[in-house]
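Have a look at these structures, which come just after this line.
Paired with chain B in one complex and with chain C in the other, chain A is shared by the two complexes that follow.
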Partner chain A sequence: MRLEPKPAPTLAVTLLYPLGAVAATLVITSLLVLVAGASPFSVFYLVAKGAAGSQFALLETLTRSTPLIFTGLAVAVAFRARLWNIGAEAQLYVGGIVTVVLGTGALPLPAFLLIPIIMVVAMAGGALMLLGPAVLKTRFGVDEVVTTLLLNFIVLLFVSMLLEGPLKDPMGLGWPQSSKVIAGAQLPRIIQGKRLHYGFVIAIVSALIVWVIMKKTTLGYEMRAVGHNPQAAGFAGIPVNRVLMKTALLSGGLAALAGFSEVSGLKGNLTLDLSPGYGYSGIVVAMLAMLNPVGVVVSAIFVAGIFVGADAMSRAAQVPSYIADVMVATALLTMVVAILMTRFRIRWK
Partner chain B sequence: MPALQEEKPTANAQDEGAPVVLRLDGVTKRFGPLVANDAISFDLKRGEVIALLGENGAGKTTLMNILFGHYVADEGSVEAFGRALPPGDPRAALDAGIGMVHQHFTLADNMSVLENIALGTQSFWKARFDRASARRRIAELSGAFGLAVDPEAMVASLSVGERQRVEILKALYRDAHVLILDEPTAVLTPAETDALFHTLKLLVGQGLAIIFISHKLNEVMAVSDRVLVLRSGRLAGERIIAQTTRHELASLMVGQEVTPPPVPPVITGPSLLVMEKVSTVRQANATPLDNITLSLHSGEITGLAGVSGNGQAALAGLLSGTEVPLSGNYSVQGEPVGRDWSPAVALAGGIARIPEDRHAVGTIGDMSVTENVIAERYHTERFSRAGFLDWAAARKFAEEIIADYDVKCPSPDARIRLLSGGNMQKLILGRALDPEPVIILANQPTRGLDVGAVGYVHGKLLEARSRGAAVLLISEDLEEILALSDRILVISKGRLSTPSARGERSVHELGQLMAGHGEEGRAA
Partner chain C sequence: MDVVEILFTASFWVAAIRIASPLIFATMGELICERAGVLNLGIEGIMTAGAFAGWFTVYAGGDLWTGVAVAALAGAMFGLLHATLTVPLGLSQHVVGIGVTLLATSLTYFTYRLALPEVTSPPKIDAFQPLPIPGLSKIPVIGEALFAQTPLTYLAFVTVALVVWLLYRTPLGLAIRAAGENPSAVEAQGISVTAIRIGAVMAGSALMAIGGAFLTMSAFNSFFFGMINGRGWICIALVVFGSWRPGKALLGAILFAAFDAYQVRLQQITGGVVPYQIFLMMPYALSILALILVARRATYPKALMIPYQKGER
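This part shows the complex of A and B:
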């Protein structure tokens, strides 16, 4: 078996690759569903219905997609410049920490001032979180996959320490959780009485801004050039290390917005289960979108739909909701294969 | 090695009775609308050297890949020793006794010569590797064919010439009866080239058949019995060497009469770039510069000859901005080079750079032609405003370069990876020369290009010289240096020879300097 390079496919054909990957994922996971003793068709039907079968389901899917759009964008931006940021989870929690530190009464300001301040500081925090690994990478050649991945655990333990110590809610009956943010630090709901909040709108706007950066600006051009061929980019006079720093700042900032929007728009406080792995799922989201910022919105809604739908499905069928994790992980693998196929064709023998 | 043991070496190229060892019959290969090989047929006889001559993109590589089983031909067949080779099976080609020495060597640096040669010939299931008999076999082969190399030496410590010998030994060790050499002299000194030709004569004397792929007409004339000329996928002609001339072959190759570029008289101006006693830091794989002194003058092409790996990379790095001097004085247009020296500063200082490796360094393969041509100037007012790129201006610039530099490409949006080497080089040339630079670094500007593109590149360099630019031409091709340079320097072990004017030193003297025999580097 050998791989032969082939010319770039057209846009229409390119769109078929993620769809093919999703189809392959369904086939593979249906085997597991069969093992679990259920019918794949009914399970997938229940997942789809649970994800988009009602207004409630749809709103829940969009709510769940909000942090995934942010982490997906963070990963897409970094991966485009070949900065392998596996640490969106840590950057997300930093965003959450900043939100409760500033939002629980330290700054008694009205919402129109407080929310932008929190957003800027949260982004700065997440950005600094990724700056360290980026400096280590450019200065000493330390692999950022290792540093960003390990920082996830460090930050999670740090959050645990904060929740048992300085940030612990005095009214929390001993639970490891922070106090609730004040009204001025809360993102309003889009529809009264529903969970979908304005974080979703901020996520969509962020995706558009990132799209403009990647397509239209010199920074986006530099990031793509560095990602495709750092040696040639450097030779042409593009400051490779500085571009990687800017990429790290942008990526870390975007991931931190996920933590901000979850605390400020949905949860109201910081807990250790703020993110059920949104940072990691962001990698799947970005890959399914083939690193396209607008595509990230679509794939984040899709991945969120699988999680939400699987929850609903597991209540109806006797299949554990963990099938969602398997589906998402399988989708990552099939998508990696699909991306390979956009560049190469396989020749047997 | 049966072929070597058979009777006396009676084989002779002109001997019509010699058995055919390899036969290609009507081999055709298409890539989409492009016909890379069009009904190519030829025979290779025992004891014969065939030269395969042709421009880049003429189809030589495709043909060899079919022969070797990397590609499957759409039509036609390949026969080795009277038996058809199964298409698409490199293993079968090896088993049939076809050996290939690639242009880029395929040796493992961290293993010894012996291990490299024996690699892949050992059965996986055999517990012990019989080193002694392998060594005996290698000693026999290297003695018989003048391929002197220490079997226990690490490949990493070998010179390029020695590595090539290892590659040839590797093929012989596997009982190759047919040896394909892809551009074997590109990396050799004149003396090493002579030694290689001697080896080839010995091999042929033992009954091997050789296919010699080259661009260089004088080598083809020197070493082969018969020459096949390929042009745009077709066999443009077949000549017995004894009955043809260089001129005729050159015309067959390009399809039209070739005239070398006229070299106008030199009008030397002031020094634009000066290095005094400059040394550089030792890098992992490159020879550093050792106390060199050099100045480049307006209106002059300075040729730097030398065997690859003797400090050319460091010198090119100094001009490109990828390397900073460790000690000594270095100034560009009167401005001393400081610690902020970088590619961007070099560009701003008026230095145009044509890098040695156009695939890895000169271009970003997965980006479009447009994105590549603006790479050195995307941040200037012409192409961007307040951080936003002006894609319309960029595209217009790409169209201008494509038209002015006669680049053949489907559109400015095409990924540059899809272009041929010559067209890629023309784009790099356009990008570098469009701002009318005063200093030009041309590092191996014509390596791997066809005759037409070589002439084009040379013409552009001479044009820049007439305009008053100072050109540093680094090349391993002595003929190119001799043809273009007003002044020649030789680099060896990081040191420069004294300069010589056009025609002052003979090829032999330059060869001596390249091999490191000669006066100490003093000044230039």
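This part shows the complex of A and C:
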């Protein structure tokens, strides 16, 4: 068996591959549904209905997609330069910590001042969080996959320490949670009385800004060059290490915004379950979008829909909601195969 | 008790060897994969799957060794998936590895919920019991630490010896090492690099799964969500720390486990002055530190993470 390169496909064909990957995912997970003793058609119908069958469902899916857009963008930016940031989870929590530290009364400012300040500091915190592993990679040659993964555990323990120590809510009845942020640090809701908040709008704007950076600026060009072939990029005079540093700052900052928007827009405080693995799901979101920033928005909504829909489905049918995690993981693997098919033809001989 | 006295108690070393055992299995597994040229980031999920598969087999009525075999088989199957995607298809070992971890973990949780929908606390099994070796286990401290453990711990040490023998004393071991250093040389010998790498990843993944099963079948006696808790990632650091040599990696695992056992005891002594989370962070921080210390003189297998295509240069 060998792989032969094939000419670049047209846009229409390129878009067919993610659809193919999703179809393959549905077929594979159908088998699990059958094992669970349910009918795949009714289960997938219930998932789709739970994700988009009503105004409530649709708004819930968009709300859930917000942190995934941020972590998806963080991963897309990093992977484009082949900086393997698996630490979006840690950077997300740093964003959450900053939001709570500054937003619970330390800075009694009106919202139009306080929210931008929190966003900037949160991004700086997340950026620094990834700068460490990036420096270790470029200076010492330490693989960033392992360091970013290990930092996820360290940061979560650090959050636990803060929530039982300096950030503990005095009214929290002993639960490990922080106080609620003040009104000036809250992102308003888009529709009164519904959970969807302006974090979603910030996420969309971020995706557009990242798209412009990737497609229209020198930095974006350099990032793609470094990701494509670091040695060639170096010979062409691109400062590879400096580009990797900038990539790390951008990626870490984006992931931190996920934590900011969850605390400021949705939860109001910091808890140990702020993120049910949004950092890891961000990898799937980015890969499904083929690392395209605008595509990230679409794939984040899709992945969020699977999670929201599966929750609703498992209440109605006797299929555990972990089927959503299986679907998302399967989609990641089928997608990387699909991307390969766009570039190569498999020849059996 | 004094902070230094701890180091001379038998119970401390017994705990250290017990903590080291799953790490030894998984580190050997990862080492075999990487010596053949494949970074296996599926390790964390494969350990989770192994922990569940072994435990569930015994819970469903199988005997303990059948459980170990089922865990190994489950590991090998995820290894086959990983290898199929990364070896002949040459896909990114980073992305596929994370994907395999996500898939193995979520499939395990799905199966657990499907098999035991109503339980609130996980049921217990009759786990492996310590099997003191007559005579040797009577040696003070060392005897208790090394020769009064469960059969699965003995198997961990036997595994290291087998891996050393395989890698350095057999033609197959030479082919595995060459596949990770200079794959075209292997192909020139008429041996398929693809076959060697797939085999190495499957065997390595089986060992990782046994490492996971150690937790549910020897260290504890039931299965919890999140029980692997980063041990897989720590093993990847241990392989680098051991500079891809089984003996050094074994030493690293024991050293690491001793430190882990020590911090638990230190935690009891300092009693609330230092937040307990600081102690829990130490294993992860230590792994990062170990990576930094050896990074400058690390000699990676030259073909690690580089896909091999026959006839290409």
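Just so it is clear, the second predicted complex is superposed on the first by the 349 of 349 C-alpha atoms of A that agree within 3 Å, B and C clash if a C-alpha of one lies under 4 Å from a C-alpha of the other, contacts with A are read in each partner's own complex, and residues count from 1 in each chain.
As a convention for this text, contacts are C-beta pairs under 8 Å (C-beta built on N, C-alpha and C of every residue); 3 or more make two chains touch, one makes a residue touch a chain.
None of the values given here were measured: they were computed from a predicted structure.
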With both complexes superposed on chain A, which partner does A:I86 reach: first (chain B), second (chain C), both or neither?
second
Which of the two partners, first being chain B and second being chain C, lies in contact with A:H228: first, second, both, or neither?
first
Can A:A312 be said to touch chain B (first), chain C (second), both, or neither?
neither
With both complexes overlaid on chain A, does A:M161 touch chain B (first), chain C (second), both or neither?
second
Per residue count on chain A, the busier partner among chain B and chain C is C
For chain A, what residues appear in both contact lists, the one with chain B and the one with chain C?
none
Chain A to chain B touching residues, read off their complex:
5, 7-8, 216-219, 221-222, 224-225, 228-229, 231-239, 349
Which residues of chain C touch chain A in the complex?
41, 81, 85, 88-92, 94-96, 98-100, 102-103, 105-107, 109-110, 113-114, 117, 229-230, 233-234, 236-237, 240, 275, 277-278, 280-281, 284-285, 287-288, 291-292, 295-296, 298, 309-311
Residue positions on chain B within touch of chain A in the complex are 88-89, 320-322, 342-344, 346-347, 353, 355, 360-367, 371, 375-376, 378-379, 384, 387-389, 391, 415, 417-418
Could you please specify the touching residues of chain A with respect to chain C in the complex?
1-3, 32, 35-36, 79, 84, 86, 136, 140-143, 145-147, 149-154, 157-158, 160-161, 164-165, 280, 283-284, 287, 318-320, 322-323, 325-326, 328-330, 332-333, 336-337, 340
